[in-house]
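First up is the structure itself, then whatever we jot down about it.
Order as written gives the chain letters A, B, C, D, E and F; numbering starts at 1 within each chain.
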Amino acid sequence: MMLESNPLVQKIVRLALLEDIGTGDATTELVVGPGQEARARVVAKAEGVLAGGPVARMVLREVDPHVSFEQLAPEGARVSPGNVVMKASGRARSLLLAERTLLNFVMRLSGVATAASRFAEATRGTATTVLDTRKTTPGHRVLEKYAARLGGVRNHRMGLDSGVLIKNNHIALAGGIKEAVQRAREAAPVLLRVEVEVRSMDQVRQALEAGADCLLLDHMTLEEVREAVAYCAGRAAVEVSGNMTEEATLVMAQQGVNFVSAGAITHGAPWLDFAMYIEPAG
Amino acid sequence: MMLESNPLVQKIVRLALLEDIGTGDATTELVVGPGQEARARVVAKAEGVLAGGPVARMVLREVDPHVSFEQLAPEGARVSPGNVVMKASGRARSLLLAERTLLNFVMRLSGVATAASRFAEATRGTATTVLDTRKTTPGHRVLEKYAARLGGVRNHRMGLDSGVLIKNNHIALAGGIKEAVQRAREAAPVLLRVEVEVRSMDQVRQALEAGADCLLLDHMTLEEVREAVAYCAGRAAVEVSGNMTEEATLVMAQQGVNFVSAGAITHGAPWLDFAMYIEPAG
Amino acid sequence: MMLESNPLVQKIVRLALLEDIGTGDATTELVVGPGQEARARVVAKAEGVLAGGPVARMVLREVDPHVSFEQLAPEGARVSPGNVVMKASGRARSLLLAERTLLNFVMRLSGVATAASRFAEATRGTATTVLDTRKTTPGHRVLEKYAARLGGVRNHRMGLDSGVLIKNNHIALAGGIKEAVQRAREAAPVLLRVEVEVRSMDQVRQALEAGADCLLLDHMTLEEVREAVAYCAGRAAVEVSGNMTEEATLVMAQQGVNFVSAGAITHGAPWLDFAMYIEPAG
Amino acid sequence: MMLESNPLVQKIVRLALLEDIGTGDATTELVVGPGQEARARVVAKAEGVLAGGPVARMVLREVDPHVSFEQLAPEGARVSPGNVVMKASGRARSLLLAERTLLNFVMRLSGVATAASRFAEATRGTATTVLDTRKTTPGHRVLEKYAARLGGVRNHRMGLDSGVLIKNNHIALAGGIKEAVQRAREAAPVLLRVEVEVRSMDQVRQALEAGADCLLLDHMTLEEVREAVAYCAGRAAVEVSGNMTEEATLVMAQQGVNFVSAGAITHGAPWLDFAMYIEPAG
Amino acid sequence: MMLESNPLVQKIVRLALLEDIGTGDATTELVVGPGQEARARVVAKAEGVLAGGPVARMVLREVDPHVSFEQLAPEGARVSPGNVVMKASGRARSLLLAERTLLNFVMRLSGVATAASRFAEATRGTATTVLDTRKTTPGHRVLEKYAARLGGVRNHRMGLDSGVLIKNNHIALAGGIKEAVQRAREAAPVLLRVEVEVRSMDQVRQALEAGADCLLLDHMTLEEVREAVAYCAGRAAVEVSGNMTEEATLVMAQQGVNFVSAGAITHGAPWLDFAMYIEPAG
Amino acid sequence: MMLESNPLVQKIVRLALLEDIGTGDATTELVVGPGQEARARVVAKAEGVLAGGPVARMVLREVDPHVSFEQLAPEGARVSPGNVVMKASGRARSLLLAERTLLNFVMRLSGVATAASRFAEATRGTATTVLDTRKTTPGHRVLEKYAARLGGVRNHRMGLDSGVLIKNNHIALAGGIKEAVQRAREAAPVLLRVEVEVRSMDQVRQALEAGADCLLLDHMTLEEVREAVAYCAGRAAVEVSGNMTEEATLVMAQQGVNFVSAGAITHGAPWLDFAMYIEPAG
């Protein structure tokens, strides 16, 4: 429900239909009558985690507010080939018009949720939390971060406005970690934490001293990661990142870091396969 | 240049910036001065095919029309880790604001181009052409199909309005292949070909008789595919589809089909890694 | 129903209301009470073909989702002065707000359908099909092409993306018909046919040889048209165009061409007159 | 210049390009190279009044800000077949992409300007002014009213917010002319005049007494029109309307009415023919 | 109801939600369950005039079409602390998501209505009407002018298109009052009155002679205002403006001017305080 | 520069021009020639803090990209009556078209900056920071928060996505402070702090124990505020809110609270007066 209320989600849903429909569905209008009613089932074709039902509903409603829709498996459920996860009924033409766009959203989001669930699984039983990143498909940020949560992963920043993250490029331009962190602590919107990307123990110390809430260890050796965790001793949260696989995530968890962030949850996730079957009704 | 002129591409670029910037870049505004000038380099971090330079330019221009941008490696070029493929210069704040969105587009599109190039390679030297599908990221259709072309693959339908494709669901609702095909041949916009999805030799015969321009063989055995190709004998083009991998593509090419279409070119493509390095200028 | 689902149609409907309503209806708000209910009838004032009922419904719904609407004469019906073709009821203010925009759409579209029906009539009993063109009112492409179909005419390209049409300007820039056609046949989205505009028998031969699916004869004499038809002998479809009137269309049909396309169906169509009468209800 | 600054005009220009370009220009991208430069001329093919140069410029700029554009004949100029009225140069692809949309605007607007000029001509030398109406193409109000002015006609209301016009439907719902006019005089935005549609001498008297600034005589006989003009004696302006042709306009002018309004200026105007010729440059 | 139908109002409502919701409500989604139902009351916290109920409804509907809403005190009613003016019920998450945006609109608009009512009160019993101005919050013109009417004030121009107002800057550029007024009287859309800003008795005379419908006296002494009123003697309406307070308004009314316009109705209005209380339902 | 790059700011600027221009500027087009060049000065008419120059530039550029603009007094500067703060030159028509919208933005934003500066002044020399709230004009959030910063105030949450603030309504629905805070600490995007609105010392203790980062004391007595500050002892930041005036702010600062947030900075700020003078150039 929160998803349907989100203006950014509404925008990507409308853009998706605009690009697919264009001047019209050249096939359907010719071969299916306007009065024909039909029933559709969305069926899983692979093993994974379901995500995207609310978007499927939005796609259908945007095409035709009179189509009825029901989600049979809940968001975040594990699905297997053959599971019927959603059904819809109404005008056959509306179902056909929505079909590809609906499936593309569900396949993409379920793919992300499935990838996220594997990363989350990798740290089960440890004190480490897996995070997503801002490496999301342009225009799909809210959706992919939602799917990541469904898969068991926690969200890092949603965008440039929901956290202060002083990265390498910022440090190079700001003239030093200390000034940057102090300025952020004094002047950022008050409910935003300040995180700093660091690449050496020296930077770890500077950032901690300047009052960073969180350190993002980038390209540091396992040895250095362990040292940084020990040095911080809870005074700042420690996050590691950088081409994290499920295996690397577990190794990092064992060093006692608070967070591992993995772009692959979104940018490396293949889609999960689903099909829609439509048959005449009534 | 055609990409920059496309209104659908402009829309996804603007939506991407809207979702990432939101109410503002909480970090940059605090730690980088408004007058600071900088230079940025976009550098490949993996082996693959470059795509997305024109979109990178659009992202930068949308953020700040005064940023200068240059693409060093041409679209479609093979790149290796360390290759500097684009550079930009201008206000440091503008470069930082655009960074993630720019990279997300380039990484996604280069990922698609790279996947496409592998599929195209699989049929090199055969008479078979690899096609993409409509299984593209919602809102990214024009871009992903562009990247697929760069990778050496030909485009199937761009959307519901640029071809007649009578699929299984249509046939179930239309009451038969024959009527559906005839209706389409008589009444569709005149420059659209008519393709029919078929699942048996019987359907192959019906579709051909009804005058289909192209047959899409779905879930048919290798044996049947061969038989269909022989039966058609050039009277209609033959396309095969369905979970096509690079290997399966080659096998199908050897059966003499005209087209193999593979959703994995888009929905199975992991992103290609790039980074942006920004340093003070002047 | 397909019309209401089309995002491009939604956009023009919203723009039309925006420009007419602006900051508000200075008259209605002052002289009609907010609780006043009313009934409206849309009445034909001239002889012609009705088109635009679904758009009328969209206009009303956009203004006030609680207005009820019924179309009494079906789309494509012939109407005569005095025929009540639609009725609506609900808040008087909503009906008044929608009135002019609703009528402008219905009058324009019925005008196009009526013009189209006259062109279609001109070739009745021949093997020639009349086509519309892309000379449509900017922003009204989907609607006017829909009205043309209602009037009995078939659609040519819906836009630049739904067919390859190599025109004179392209040939001048491409350096020859042959290269242009070959490139299109190899690389265009696979469900698009390739048409070539030709102006001499020499160009007819080149285009045919290069594999064009369709020839558009431009400014050719009746003699040449006959020669082209004979030369093509069904290997490519033949279309003629250029200031086609209903009379010229019939003459061309008698030469055996497959298609006659006439811009006048859209750009020469005067509106068909309708009025809306609103009276107090309850 | 005012036209380019108008947000409603920008919206229709963008919508027009969106509908024509869709997912891309399937022809141009294939047959014309990206580096090819070209020159275009827009040439009149018929006699009439030119309108739409600023919109042509907007279309080109929207497609490609680097195209140069020059208008050779001024807005409102009379043109004859063969006159070169605009020229543009830049990337060949951009010119081809813009061509049809540009021409459709110029042909439509010049058609309206030409029709307007004929109506204006009909009253030359009389004290009567010809007005346009709100029967304009949805989404094109600002443009068509601009073209009408170029043709020598004065604008009636631009929309529901720029004048109070109490029409028949309002009177039926408001319960009388007197109350409606008084309410409007007291409460309408202060710079709006109040006009009343009347159908009898009795209504003329009521409207005048209630303080109407202007009377719109609808379906009244010539005799009644004369009587109304005499009765008003300058206390209110007198407008006549209803299927006005150029001839009827002159007859009404001879009765001494202040205004004749004619929907045909916009809804009856056929397009004026123009062509664009593009040739390689450099 | 007219407000809900206004496209400009729809746009500001959507923009307001977009800016507040961004990528999502970080609090609500975490702490309130998706199935939780709730009831909300909007309660006045100060003395004033209520405005904005229809906008409150729009905000809720935009967030969730299933929320029910009822306005308990009518628009324009005087409210006191503790008065429950609206209630709503539905999903708790939807109510929380809408809360701040809804209140901001109601507080702003009620603030304007309250300020307007004080100005209207100042001239009660005189023949002078108080007007608002175009000094309204950007994007809120239609709403603030609506609130001003509710408070008892009449609207001046709604925008640049609903009246001719020749101001000082125009006169400086046009080269004189006379030419400017004449040109406007001849050529402006016919239902627009012509007003002229004047600063001396000499300008009063010029404007009146040129046929201005209304004079806007700017920076003139009380003495001059009296003289201008006497000089005009009803031939043109007289408006005074310029930092008008409630007291100054009364003084001007006593000079017999027709209109006093006061920007402070909108730009000087503090918000009227309201709160929303939400409690679990069912 | 960050402001110009913000998509939300672009949207409100465009909406503001759309509502003011509508179908066109009825005055300017009639009385000022298209070729007339002019110079404009924006002049302060009151004492206060300047804000909005970048928006003024955006308004002008949106109307006419060829207008030149220069800001003479920097953002945040104190201005006095008569100070020329900006100048622009270009087509007279463009300057007139932009005038009111430009001034409305500058007057509103400077009003907010001025109010903010007074609140900031009230706590000068104390350890307390003044914050703004989300009680901002709908659609103007980014701008008003920017103006508040210019005036010396720090930003609280920018929107629902940039902080977790568990308010009274949430607590009522969530079933207790403890669960709500814990859930937020575990699952919110990691760079967001968690704040809780409390109304008693009991709630202060619960919130602190549950791990809140910040407490928002609402409707608590001075005595209780002091007790809360002492009890927290730096373990959580303490914010007070609720009808804060400048005086109340100082009193609270003296209790040692970390933050005072005041809605009046935005919702109570009257506009600061500016005028634009335009004169012929060249």
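Points worth noting:
Just so we're on the same page, contacts are C-beta pairs under 8 Å (C-beta built on N, C-alpha and C of every residue); 3 or more make two chains touch, one makes a residue touch a chain.
Note that the structure is a prediction, hence the values are computed from the model and not measured.
At the interface between subunit B and subunit D, under half of the residue numbers appear on both sides, which makes the contact a different-residue one.
Using the average of C-alpha coordinates as each chain's centre, D ends up farthest from subunit A.
One of D-F, A-F or C-F repeats the interface of B-F: more than half of the contact pairs, counted by residue number, are shared by D-F.
Centre-to-centre, using mean CA coordinates, subunit A is 43 Å away from subunit E. In this assembly, the C-alpha centroid of subunit D lies 31 Å from the C-alpha centroid of subunit E.
Inter-chain spacing, taken between the CA centroids of subunit E and subunit F, is 21 Å. In subunit D, the residues touching two or more other chains are 8, 18-19, 21-26, 28, 97, 141-142, 158-159, 161-165, 187-189, 192.
Listing the residues of subunit C that touch subunit E in their complex gives 14, 17-18, 21-26, 28-29, 34, 63-64, 91, 93-94, 97. By the touch rule above, subunit D contacts subunit E in their complex via residues 129, 131, 149, 154-159, 161-165, 187-195, 213-214, 237, 239, 259. Those residues of subunit C that touch subunit A in the complex are listed here as 1-2, 4-8, 141-142, 145, 158-159, 161-162.
On subunit D, the positions that touch subunit C within their shared complex are 8, 11-13, 15-16, 18-28, 30-32, 36, 38, 92, 96-97, 99-101, 103-105, 107-108, 111, 134-142, 158-167, 169-170, 172-174, 179-180, 183-184, 187-189, 192, 243, 264, 267-268, 270-271, 273, 276-280. Looking at the complex, you find that subunit F touches subunit C at residues 19, 22-23.
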